[in-house]
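As written, the chains take the letters A, B, C and D, and residue 1 is the first residue of each chain.
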């Protein structure tokens, strides 16, 4: 479908769409603050591509792990720090927020293959004292 | 963005998109068997609309509950049947598949508000002997 | 952790849990209609196992594809039927519900490897005229 | 189910579980690095509670928004900064990572009701130049 060009070049394509569906699309892109349909459409396409790519175990990904934990749990900070140093080559950065008297939020940015990032996230989430958490994966790519 | 027309009328809109992103989009729509970009685009938009709508507790939805269960568990079929009769006004249809000597798959189609459908699905999934299951919600709408 | 026994044998394990967390757990299992904590706990464990297993491309799974489509679209029923016959070895059963004057719900039960089931589901969902749909995967296993 | 005690007190409950299911559970908790079954079980329960609570529009939540964007896009950093200042009462903290020559990762920690956090996350993700992103919600609670 069309010859290959440089990734940064902009193409213009035509899309046929039912008037009613389009009206509904316009409502939700308005609510989300999109300036135009093209940007909203590109975001839908990018989200689909990222989902496809992060599914492959070997895909290079960036992961954001959010951890909620109770800092009173004995040795927890030490254990999380040790774990991060053991995997320092996979960890890009860390953000720490004091939520209240007891609870901390720690966000750890990981880089590596999809499988490696998921494995390390599982170990972080399994640490005793970490009450809740989740991993979000993204990809970085010239054509995203 | 455009005046309102009848839902079934087809409009044609122009979308600006980076050549590289478009090339990647073409790859995945090819893999999934789409005949053209418009159809793939409309499906992305519809999926987004359905997600938005089924989130509201009062939204009218159709639900598909898939249950995997062991038919040797005493009284289980009877319990599932009783539960379905208690809520017969919400249940449209049921499909039963014998998976192997022990396991059954039962699919129950529900109709009602998003909250009512989720509550009934939870009760079905919580029934002792039901090993696994999941609910999928969809909407029916003239402008989908 | 304990020697291996027959899958159907019941073990009894002790779990330490904060009183407050337990009270909250009791509330949600009550809402969902669980008869006891053991059944609710087993369901959480099974859901986790199914998620792990269906992630592997080669894992044997059962899939439920829910399709919502407009039966007025020319040749759609024929196309869906043709596609199902082409893959008849993967398709266990089909349920059809007439939702309203325009819309049909079709549920197709698939069997095969996780990858094969996902590929066929993608093709069904990409068929022109299919407005919305989703795939749910489950596993059948003696130890589930 | 048991009289109420202080949230921090530990209770011990007995769970009946099929030997085969337990063996499989032990495998995945081993892979994830859990020290014992109780901790793994508590994590399953907490994840379920957080999912339930963040679903309510008025529930107080903490949100982590991960944004991947191209810093060459004109005025994007300015727009993201302006948006964050407009909602400064909802924003706890921000982490910025330079991924490569073109791409930035920005993580923004939000606090507020589930609905407010989702709305602000949608606006951030809809900003032109933001290529991909996702929101994770968590709750902070004495009984988590």
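Here, contacts are C-beta pairs under 8 Å (C-beta built on N, C-alpha and C of every residue); 3 or more make two chains touch, one makes a residue touch a chain.
Keep in mind that what you see is a predicted model, and the values were worked out from it rather than measured.
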Subject >> Distance in touch steps, counted as few as possible, from chain A out to chain C >> reply: 2
Original post:
CA centre of chain A versus CA centre of chain B: separation in Å?
Top reply: 25
Original post:
Which integer distance in Å separates the CA centroid of chain A from that of chain D?
Top reply: 11
Original post:
Which chain B residues reach two or more other chains?
Top reply: 46, 142, 144
Original post:
In graph terms, with chains as vertices and touches as edges, which category applies: line, ring, star, complete, or other?
Top reply: ring
Original post:
Considering the complex alone, what residue numbers of chain D touch chain A?
Top reply: 29, 31-35, 39-40, 43, 46-47, 50, 62, 64, 66, 68, 92-95, 97, 99-100, 102-103, 105, 107, 109, 122-123, 125-128, 130-134, 136, 138-140, 142, 144
Subject >> Contact set on chain A toward chain B in their complex >> reply: 1-2, 4-26, 28, 37-38, 41-42, 44-46, 48-49, 52, 142-144
